[in-house]
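Presented below are the structures under discussion, each in the form of structure tokens.
There are two complexes below, and they share chain A, which is joined by chain B in the first and by chain C in the second.
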Partner chain A sequence: MAIQRGLINENIEQFKVHLEKELGANSDLLIREFQLHNRVDLIIVYIDGICDKQVIETSIIKPILEVCNDSFYFNEPNRTTELNNYLKDQVLSASEVEIASTWDTILSSLVSGNTVIFFNKSSEVLVIGTKSIDSRSISEPTTQVLVRGPKDSFTEKIRTNSSLVRSRIQHPSLRIEFSKLGERTQTDIAILYIEDLVDASILKKVKEKVKNIKIDGILESRYIESFLEDETYSPFPRTFNTERPDVMAGNLLEGRIGILVNGTPFGLICPTLLMDHFKTAEDYYEKSDISSLMRLLRIFSFIISLLTPGVYVALVTHHIGMIPTNLAVSIAAQREGVPFPTVVEIFLLEVTFEILREAGIRIPRASGQAASIVGALIIGQGVVEAGFVSSVSTIIVALTAISSFAVPQYSIGATGRILRFVFLFMGAFIGLYGIMLSLFFIGFHIAKLNSFGVPYLLPVTPFNTAAQQDNFIRMPWRQMKRKNNKIRDEK
Partner chain B sequence: MKEKINTIQFFCLIVLFEIGSALLLEVGRSAGKYGWISLIVAGLLGCILYLVYTKLHTYYPSLPLTQYTQLIWGKHIGIIISFLYALYFMYMAARILRDFTALLLIMAYRNTSPVILAALMMGVCMYGIKQGIQTIGRVALAGFVLLFSILFLIIIFQWINGLLDVENVRPIIPRDWSPILHTIFPTALTIPFGEMIAFSMIFPDLDQKSKVKKIGLYAIIASCLFLAFSSIVNIMILNEDIVESSIFPLLSAASLVDIAHFITRLEALVVITLVTLGIFKLLVFFYCTVIGIADILQIKNQNKLILPIGLLILTLSFAIAPNYIEHIYIGIHKVPYYLHIPLQIVVPILLLLTAFIKNRKKHN
Partner chain C sequence: MVRDMIGTFSKGFKVLAIISLCSFLAACSDYKEVNQISFAIGVALDKENDGTYKATLQVVNPSNVTSASSTGGQGPAILNYQGQGRTVGEAMWKSFEKLPRPASFPHLEIVVISEAIAKEGLLNALELFDREPDVRLSTAVTVSHNSSACSILNALTPLNKIPSNSLISNLENIKKVAGTGQSLTISQIIQYIKDDGQEVAISTVALPKKKKSTGDLSNLEKASPTSPEIDGTAFFKEDKWVTWSKNHEIRPVLIAYNEMKSSYITAPFEKHKFVTAHLLTVKSKKYTTVKDGIPYLKMNVKGIAEIEEIKGLYTLENDKDLQPIEKSVEEEIKKEIKKMIALTQKYQTDTLGFGKQLSFQHPSQWKYYRKSWSSLYQKAQTEVHVDISIKTAGSRTHSNQFQRGETQ
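What follows is the complex of A and B.
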């Protein structure tokens, strides 16, 4: 049976039936009925758990009960419109009160936590803003940890998150635009930017892309992320996620655009370029010399984690003559008796390491000990002692692993994990030549990529002199011209 | 909108292209220890040749070579000339591919099939062309930095190692000029400096048209100086007899480095330079072939041509000569006279003269 979702014009009983039809016989739908003798009856409807009962009691029920006995409007059953206006303008002390007249608005405001007041045979209802969802309090960030720097992080609640950013940028030019996405989940999302710093064409692109998202549900910011990236497939992440409000604020100051999604503590930042993945918030909170060196170290460790297994296999399999003699002899001695070719050996160890890493994340805390014993002792030591793999290979894989953890962003680390295997196989297949060719292939790939029209490799190639103050190294704050750092649509 | 490359990228692309095969094959070596003189003189002559190409470009700033030949010499002769140029670029791409696969085979892949080596490089180049000239320009900048840091590193190591022997380059004033003149013309002038004719196809892709001349000249002079420098270094290390007889002097010079038995066997670094240089040289000729043929056949979507032309170049690189010796022989004794001199020097000058006269008429 098709439910008509037009205007309401029912008595209380019909209204209740209609509600149950629309929302199901819900146990969390609460209907508070008031039988006022000789006066206009009314019901108050809300969904338990997502609204603030305190507000309902003190700013809705109490004021109504106070006025209903002696107010003139309550005696006139045919003048409910005036009654609604009277309550809205003079009685209810809640801060958000609106008048609605269609079933669509009633239902959507009910499920989002608002309270609805309906008078018998009225054609309109009062909608009072009583949204309140329990959420955890602001805590320390868990994935992006710093030694020095603010210790607050985003929570699952979008209002808290936007307030954390606003408290950092107390300037009228900060814009926070809310909208709803997701056909079923109706998730709140917010686009944050600083009006006079942002590049208008990038902002337009972001807004357009967000507007065109067609999806049933959004439970995490990644859902949106994949719509924001261009159509071309790439293992390289073109948005940046952060759970730190200070990082979000810093990026807004560089003219980027932030996106917050209700229900997840990870906000998105776009456009994001390759070099941004090697920057951490701490780079800006520590002295410039050490942060520059650390940044170089991070880039270096990313390259190591990407290339080491491949180059090792290439050298041992194809160019044993290119290894310095003493080293070659020592490698050959260790490999004596190892039953697998180098590439199989490294591949098995790499896969084992990936398994260990994945298991380490999913394992219940109580059995974590067992995993580390298996990982360290049995796989690490036992395998070498049994002569299945050489100890050089374990060292290579361990070096790769530890370097991959030095890369601050998880998403670019994941890129490295995928590409490492490409280099491994190309190295095994055709040696250094294969590795060079793969590098060029990836080079041609990322040089074409762009994030909202900004070339992905921007300050490096195409080269931008002004941006070098905060690229491979970071200049001291006194010498930094923040304006130069603004991100621009290059096309 | 058409993709453009900026001046820095243009500079890097020219330098990579110029020093490409010249560095690896050591173009000046037939002049013995005076290779550097012939390279510098050839570079200066190359600048004059480049001025011819840019002058032609100023008459038709938005058109590539294959299009303005048709405007200058008329539809019929022009299209034949354009077609010849497209074939020439294709043949050169095939030659480059052959050179580099042969060097790779000699260096490190004696047991590998040359078809695989060539096909892999071709595959990467096809992808590069598909990504467009702007991407090639961006990667050229990165490749330029990579290449020069590695070459610099190699030279530093050679110097620390005490391999550089100044006695080998003395006397500086040559007694007999004839081998030097022979090296300058036609060898060193045509490869690499005359090959700049390929950039006549790329000039329209530059974002600042007014700088074509300046940037190009800088790049030619920079690469000619670097080639001369590299030639002197190789002579210093190896002395002229070995340089003349070695197939690959850069590799021979690099492999001598031995610092404390730890920094040794720098061949790995040479592989990196080899691949970098090979890719860009091949890319430029490949790209010119693709846009040239797309122009002649009036094909809007160049991407359709990449695969067939790529495969054609790949096949051609094996078909042009039965073995490497003959390939080199053709390269030294046939190609300069039958291809380079007519297409790099004679035709452009005639084109320029015609264009000049035509323009004169128009003004009158």
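What follows is the complex of A and C.
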């Protein structure tokens, strides 16, 4: 039987049957019935666990019971509209009370945690805002840790997250626009920007893209991220995610747009340029000289993690003359008796390391130690001692691995992990020529990329002299001419 | 069907695909595993009595060089393979036949040429190395003296386990610290030989004593093992060896080319007194002119030195007292330079490069005298000025003996 989604005009029994039909025989659907003598019967419906029972008790049930014996309207079964209005305006002390009349509204308010009051044979219901989902309290960030800087991080609850940003930017120009996405999950998302700093054309693009998202469910911000990126495939991330409200606030101040998604502590920031992935919040909280050096170090370590295995294989197998004699002899001595070609050796070690890294994340905490013993002792030491791989190869792979962790953004680190293998094989095939060729291709590729119309390589190409004060190095705050509005001015 | 598929790709993608596929055409052409080649590190060229050439190829045995590898064995760090043939090239490839792994030449550090071949001509011997693209042109060349070239490479050396390597560092050390050695690279030698107006001088290597056991590891078990020494300099006219002189007599050549970084000189002064000075920077300027068919060669030398020792009683109180010392050092250097010029004049070989100087200074004269320069050079009038200033006397002033006299 098709469910009629029209107006309500039922008695309590019919209403209950209808509810069960729509929501299934849910055990967490609670219905509180009141049998009032000679008066209008009513039921209070809510879903357990996602609403605040305290509010229901003190601001709904208690006031109703207090007035039901005295009130005139409770004696008039045909004047339920007036009764609803009377309750809404004079009795209920809850902060959000609305009158609804369609099944659609009733159901969506119920599943989002609101409470519904229905009087027998009424054509309308009262919807009281009692949403309350248990959530984690604000805790320290786990993936973007700083030595100096605020210690709070986003939680799964979007209201908490937006409040964390709002508390940092206490200016009326901060806009937080809420909407719902996802056919079935009806996930709350918020677009954050600062009205007078944001570039209007970018904002329009972002809003349009978000509006056009057609998807069943959104459980994490990555779902949205993939819709926001341009259609061209690229291993380079074109949005930036952060779990730090201070990073979000800082980026909003630079004229960027933030997107928060309910249910995940990771907010998105767009548009994002390549260099943004090498900046950390700490760069701005520490002295400028040390943070500039650290930033250069991060770029350097990204290059190391990208190129080391490929360049090593290219030098050892194609350009042995480029290695100093003593080093060449030493490498040759270590490779004496190793059964695999250099490229296979490095490839196996790299893959082993990736397996260890992946296993390290998934492994149950109780058996974590076993994994590190296997990794360090058996694979690290045993393999070299058995002569399967040379120790210089393990050094190369270890160097690569450790420098890939120095890159602050996980997503650009992953880019390095993928491209590393391209360099490895090109280096093995045609030596340094192959490395150069791959570098050119990647250079062409990222020069072509853009994030919401902003060139990906921005302050470098097209070159912007003024923007160099916060690019590879960061000038002291006192000397920075333009502190904000980066995106708009640079573009 | 494939055609249709290709048609659907964008133009850019097609270009990219073609370029990347082309790159695979070169696939692994150069790919060599480092443990499947042998590093040729030194080559010695000898001439046998029957007129054939003998090439000794020194390759590294890597596992005996470093102690890092688990498969490291006992034994010498190098292996020498010999081949014989009518030309240097033939001798070389004959030696390849004996190698267990293909030789790789980028790490060739030194070519030792025997006296006999040097007297016959360097250009022929170096042709092979100049042509081979794998060989670095910075490979050094040295000449063996009083001993065969192969015996030089055969002698095992302490400290540096690879004899070729040891020889190179010895040569460089002598040039840098003592200023009494000249090592030239293949490209330099060929360039200098082909240039008019300057001739080549190369340090020579010799084994001090004839001992049979230099190629044994037991040689290394002595406190003073027999190892090759730089014993002097061979002077070349064009590419042929013409004369030889003892160790430090090469010094004026280094001064003439401003290549001297540091050197020591011991000069007599006053009565039975000697001063040893450390020459720090010595710069020279050459002037050449030809007047009435006679070349006039002038060399101005300026330098800074510090006193290393004073033998004999000497009071060193102020700058005035330095003057006799400076003068004696100047005289000594002057003498050396004059002697060197006289030697080269005798053999008509312009090792100091005065002809080159003339070509810079008076190109028109050089054009005229170019052909007859070596005979002209013999008749040249020379003039040498040396100006040495002593920077410091070290941590003391008077000589030790002087103080003793005081206290008595």
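We adopt the following convention: the second predicted complex is superposed on the first by the 484 of 491 C-alpha atoms of A that agree within 3 Å, B and C clash if a C-alpha of one lies under 4 Å from a C-alpha of the other, contacts with A are read in each partner's own complex, and residues count from 1 in each chain.
Keep in mind that, in the parts below, contacts are C-beta pairs under 8 Å (C-beta built on N, C-alpha and C of every residue); 3 or more make two chains touch, one makes a residue touch a chain.
What you see is a predicted model, and the numbers here were worked out from it, not measured in a lab.
Participant: Answer with first, second, both or neither: which of chain B and chain C does A:Ala333 touch in the superposed model?
Facilitator: The second partner, chain C, only.
Participant: With both complexes superposed on chain A, which partner does A:Gly431 reach: first (chain B), second (chain C), both or neither?
Facilitator: Both: A:Gly431 reaches chain B and chain C.
Participant: Per the contact definition in the header, classify A:Lys157: touching chain B only (first), chain C only (second), both, or neither.
Facilitator: A:Lys157: touches no partner chain.
Participant: When the two structures are overlaid on chain A, which partner does A:Glu385 contact: first (chain B), second (chain C), both, or neither?
Facilitator: The answer is second: A:Glu385 touches chain C but not chain B.
Participant: Examine A:Lys205 and indicate which partner it touches, taking first as chain B and second as chain C; both and neither are also allowed.
Facilitator: neither
Participant: One more residue to check, A:Pro341. First (chain B), second (chain C), both or neither?
Facilitator: Only chain C is touched by A:Pro341; chain B is not.
Participant: Now for A:His318: first (chain B), second (chain C), both, or neither, which partner does it touch?
Facilitator: After superposing on A, A:His318 lies in contact with both chain B and chain C.
Participant: Is A:Arg256 contacted by the first partner chain B, the second partner chain C, both or neither?
Facilitator: So A:Arg256 meets neither chain B nor chain C here.
Participant: What residues on chain A does chain C touch that chain B touches too?
Facilitator: In the superposed arrangement, which is not itself an observed complex, chain A uses residues 318, 321-322, 325, 430-431, 433-434, 437, 441 for both chain B and chain C.
Participant: In their shared complex, at which residues does chain A touch chain B?
Facilitator: Spelled out, the residues of chain A in touch with chain B are 315, 318-319, 321-326, 430-434, 436-437, 440-441, 443-445, 447-448, 455, 457, 460-463, 491.
Participant: Provide the residue numbers of chain A that touch chain C in the complex, in ascending order.
Facilitator: That would be residues 316-318, 320-322, 325, 328-338, 341-342, 385, 387, 391, 426, 428-431, 433-434, 437, 441 of chain A.
Participant: For a test of understanding, state which residues of chain C touch chain A in their complex under the given definition.
Facilitator: 16, 23-24, 26-28, 30-35, 37, 39, 41, 60, 62-63, 65-66, 68-72, 104, 106-107, 109, 134, 136, 162, 165
Participant: Can you tell me which positions in chain B touch chain A when the two form their complex?
Facilitator: Within the complex, chain B touches chain A at residues 1, 6, 8-9, 104, 108-109, 112, 116-117, 120-121, 123-124, 127-128, 131-132, 134-136, 138-139, 141-143, 261-265, 267-268, 271-272, 275-276, 279.
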